[in-house]
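Below: a set of structures, written as structure tokens.
In the two complexes that follow, chain A is the common piece, with chain B as its partner first and chain C second.
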Partner chain A sequence: MKRKYHRLWIVAMAVGLALAFMAPVQAAETYQLGLSLAITGPTSDAGNPYSKGAEDYIRFVNETKVLGDAKVDCPIRDDMYETAVTKRNFEDFLDQEMVLFLSYATGANQALAQDFNEVKIPVIPASMDKSLVGMSEYIFLPIASYSHQYVGVAEYVAKNHKGGGVPKVAAFIHPSAFGRAPLEDFKAAVAAGLKLDLVEVVEHGKDLDNSALLQRLQSKGVQYVLCQTVQSPVATLLNDAQRLGMTAASFGEAGKITFMGAHYTGGNDLISLAGSAAEGYYWTTAYHVTSEKGPWTDWQLDMAKKYERDDKTANSHNYACGMMAAQVAVEAIRRTREAGQEVTSATLYETLNQMNGDKAFESLAAVGPVTYGPGDHMGVDTVQLYVVKDGAFQSEGEPFKPEFIK
Partner chain B sequence: MSTNRWFATGNFYTTYREEQRIFKTHVDRLFFILFLMGLFAWPLFIDASNRNMLVINNILIAVVAVYGLNLVTGFAGLISIGHAAFVGIGAYTLAGTARTIGDSHVLITHCWPLMILVSGVVGAAFGAFVGLPAMRLKHLYLAIATLSFQMIFTWAIQFMTFFNQGQMIAVGRVFWIHGQVGRSDHYRFWYYVILVTAVICGLAVRNLLRTRYGRCLVAVRDNDRAADAMGMHPGLTKVYAFALAGFFAGIAGALHTYMFRGAGFESFTLHHSIIYLAMAIVGGLGTLPGSLLGPVAIQTLELQMEHLSEWAGSFLPASMNLATALRPLGFGLVIVLFLMFEPRGMANWWRICRSYFKLWPFRY
Partner chain C sequence: MTYFFQLVVSGVVVGSIYALSALGFVLIYKSSRVLNIAHGQIIAGGAFIVYALTVWAGVPIILSFLASMVITFFLAMSVERVFLRRLIGEPIISVIMVTIGLMSIIDGVIYFTPFGSMNYSFPEFLPSTPISMGGVSISWTQLVGVLITFILIGAFSWFFKRSTIGVSMRAVSDDQLASMSVGISVPKVFGLAWAMAGLSAAAAGGIIGNITGLNFETLRAFGITVFPVVILGGLDSIIGAVVAGIIMGLIQQFAAGYLDGNWGLNGTADVLPYIILLVILLFKPHGLFGTHEIERV
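Right, the complex of A and B next:
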């Protein structure tokens, strides 16, 4: 009898020990995210710092216990800008029970939009293409679309142009949907009453010399070139304009050309590439840039230092983009937990859709709060205009909301 | 040949017909049937994740495409650096049809075998057209002509609004006997479709090589003037090789579009053409097993490099981007080393293996 009790005691001890070890595992939940983007290959100059931004923010969240004992696991995969690889990564993340997807390229998001709808998983892309929100109700852009930023630049020209007549502009765009889509919105804005004369649309190639193009534009009386592309072709254009003495010393200088652009055309990488030719370049984005001191930019630089990032990454607005995408995801998880709900794709989707009014999310990374609603999946609605002065981007005026875009 | 085809060893043929047999012995046939049964049966017993099924399907699609490339480059000796564009032609035939008649039109969703075949035929037509310069051009000059086609294709897709300027064109879900193939069955369903297609195409290629048309390809590759003297038409043979390559590529493109539920230009760039070429070379140019082994090897290598890079990222310093660089460097290095030490490709390993068993249990 005594022996029987002894056995029972051993079994009870074993069960107790097992439960003791299991208990903390159950308490410390891990929320699965997934990020697939181009760390190598086309557009990796943006994707690389973006991935580091997201990675560092998630590390920060786990180290400083932003979610208490809960952790966020966000595997980052290089898709080399290939839709097929993005799809594979997406399926892999789903197999790991991902609750929110951090995606990247316009093409890949378009390709996966049907899957997002079927799986009903919220997605925060790096692409700010306006068409994405129309393709899937589960896509949440972190900031205003490329179209908003491009039309925002155009509105600035229309409002601030000095001198007679309607300002003549040329569009310098990427030869893809990424470049063309905002141009269509620009044309719609002109049709809706934006007083600008679009003289020429240039779809750039891989030209290393733009002398002929610039001289042609000047002969047509073009005063403003609005760019919607990536930094390197803009840098080439700016260098050629400087060499030919065509760059306007001040905004709208008569007989010269003022160069302007949206999101991926600017940032510190442009200054590295174009050097002094970047002086006087106007650029819209919704992010704070490190050339301007502020609580966010100080923190961004501290984070970069903490996680041993180089100066280029630390000062890249794409690093801030990555951080902000992760920030929005973590904030949605935090709010869902706070509401006492289980963190799932469905609850995160609801939480994101409620992120407006009093519940708008002030990320500090951007110039305005992140607001989403059932009919509004564009996060930060305002854009900030910057201009290069003394080798650094400096804000020009206050953040504004473009009027001529729906 | 031995009268007992179960235990035949060595090479001993008494008729030309015997030498041309697909399966030299009944054991060969048995193993092939068992292998096929294994390929068809394993998804019924193993619950592979969607991600793994996607990888396997991708490999099988590449196998179909590389059949074509191996025909034109391996068997006919014509370098093609535009094979991804032919795959793209097939993909965009389907996507363009979907854009015109609607992505959920019955032709797209119910008549998908027909659409796959049509995509192959359109691919063949483009292949024949692009192959026309082969009547006058050879070697690197022909390679440049195919490269031009790749460039024109990419530009045309990105420029034409009909093709959504390269952006994704969606294709609806297909129907099978039990109704619409939903997301849960999607990859498994397409695994079987692609597998059946790959087997049919493989058998077609194997049989083609036994016919006079197949032998023409090899003859023109080895010496086109001698082939001409023997009554073959080298020019037409080359065009015909390109048409065949285009056909297989077109089918692969349609399968790609159905499996990925749409077509976007990123999947058919010069980079992909080079990857297809790498698959054919690593597998073994001018061999049928090479078309199977090459895609498996390249895609597996790519995945392993991805894992290696991820693993290295956990301890390499972040500031130097070493982990990121490891993937393309490692991938390139492995291919270079492989080509240095095994230029005949993986098919040669297969050949050595078969040679051993051909004489088994007797040895040299």
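Right, the complex of A and C next:
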């Protein structure tokens, strides 16, 4: 009897030990991501809601068991828009066995592109600079590049310009790699037959008054100003144009200027900064905006409410950007697991490259599906034009693919 | 000609705001010979206080504007009392290093608030229709900004020339030992100089924020943007800040109006002030109105 109990005790111990060893295996099913971005410092007005979007989506995934019992861990670190800090964060994340990196700024991605190639880790940046995908085959842009958005508004000008002659445009850009990103493609589009006359490229400073600039542009016959910068300088420009009576009341109004811009120039923040001067501002992005009801925007607002975000964050398109970047990463993990593969940087890279055709990912955050392939690292191919009417961004036409860009 | 006059008006508007922003530097330097590197952060802080009082607390904007000046007056005075009072008599570089530290601390505090990473704008309280005369226009926001600037600068000039405390502050600026020997409290003068600089910075922040919107990066950058103005006018001259501010404003507008976009030039409005600054300093190293101190051995 005593011997029998002894055997049972040994079996129980063995089972206990086996379970003890198995438990860490289960707990180890946590997939490590990493997000480094500007929560403070320059462009943090975009980075802050972006980080909250990514954070909330990951919380949602873990709470609702989107990946079953597996979890996603995505530490978020502030890099203050400084490349050296981004690099340090990236290396720390690698030490934590990160399988996919969520990055941010154009400059930092350019600087780290070689590192991405060496480590062979997939990267989803907040920057949509087209040149990034040429620098590293591991970078996957979530939506159409700045070039696509910028050429998209330019094509709209060429198609809808009223009056004779070739429409004269000026580029109003941020004095940085981010601001200059779409210029070469824009010039290439013009060379390829896009009927526009680029009169001047203006790299703005911290201007309190743009009267001189605006009057100079008007004296040169500029009718359209295409912006690639952030909201604050655009708001000052719009306010000055309104004061000088230069803002076009309708698209392409003769003798006036129509203002337009790409992704980071627009959104609700522009309206709050420029007020009534933002009326008639044309803007391209690939995201849905909360000023228009829809399945995604309802969900976005619900998520923001669930995680107690303020109204500004809830309605920010940058909040949606952060969510979507995390969404693509999680979807890649989910598909890799579903295929019975171990989730590593290499398998996630393969999964992302197969995200096309009937495997395209419909995120709902954007106006088209996310499609990647070995030669295509730009997620959503279409862009949507919005225009400010009655103090809110409203869709203008259907999502479209710019024609004059390769 | 309308174009020229518009540039003049814009230049004066921008220059006046530069002058008001520069005033805080001058007030502190004038009495204590210290350069406050955290001035841009105080400008931003002043603007955010106006917004918080107006939008979150529901105080009328004019009262918020005045209240923010009072609040920054006492905050800046407290900063001097807590961080800088102990450094009286220490090398100037130590004091400047403290202001650099102060800059980081204020940055950190503001980043803890929504203002650190969100854009806001004041509710519209002035008519949106600009004032136009002969094709030259100025917005109400700009006009009110210029008026406030000149009222404050006039008040400060009067204060330094006519009031007993102002004269005491000038005396401390000239010779701290001699001032103490006639019973002037040098520490109190320093505290008051910081307080007045805080007050002027809040006014500048309110005006700039009304023009550009409330973006922390934009607002705090004005601490650096106005540096050429301070150097050009002379670090210890209020009238120098006004004249240099307007000169810089005009140079920027004329550069943007006549040089940029022509002959392949771009961005001259940002560079030219520094070039002119260097040239003027070659001939007048103490700035246009700065005190040229002569030490006799």
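Just so it is clear, the second predicted complex is superposed on the first by the 382 of 406 C-alpha atoms of A that agree within 3 Å, B and C clash if a C-alpha of one lies under 4 Å from a C-alpha of the other, contacts with A are read in each partner's own complex, and residues count from 1 in each chain.
As a working rule, a residue touches a chain if its C-beta (ideal position, glycine included) is under 8 Å from a C-beta of that chain, and two chains touch if they have at least 3 such contacts.
This structure is a prediction, so every number in the text was calculated from the model and none was measured.
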item	value
First (chain B), second (chain C), both or neither touched by A:L273	second
Partner chain(s) touched by A:S211 [first = chain B, second = chain C, both, neither]	second
Which of chain B and chain C A:N48 touches, first, second, both or neither	both
Chain B versus chain C as contact partner of A:I39, first or second or both or neither	both
Of chain B and chain C, the chain that contacts the larger number of chain A residues	C
Partner chain(s) touched by A:G107 [first = chain B, second = chain C, both, neither]	first
Touched partner set for A:K312, first chain B, second chain C, both or neither	second
First (chain B), second (chain C), both or neither touched by A:N239	second
Touching partner for A:Q231 - first (chain B), second (chain C), both, neither	second
Partner chain in contact with A:P175 - chain B first, chain C second, else both or neither	both
Chain C-contacting residues of chain A that also contact chain B	39-40, 48, 175, 310
Of chain B, residues touching chain A in the complex	49-51, 54-55, 58, 158-159, 164-168, 170, 183, 260-262, 264-267, 306, 309-310, 317-319, 321, 324, 327-328
Interface residues, chain C side, partner chain A - complex	3, 6-7, 9-10, 13-14, 17, 107, 111, 114, 116-121, 124, 128, 130, 132, 137-139, 142, 208, 211-213, 215-218, 221-222, 225, 253-254, 256-257, 260-261, 266-267, 269-270
Contacting residues of chain A [partner chain B, same complex]	39-40, 48, 52, 75, 77-78, 81-84, 87-88, 91-92, 94-95, 106-108, 110-111, 113-115, 118-119, 175-177, 180, 307-310
Complex interface listing, chain A residues touching chain C	39-45, 47-48, 175, 200-203, 205-209, 211-213, 215-217, 219-220, 231-232, 235-236, 239, 242-245, 269, 272-276, 310, 312
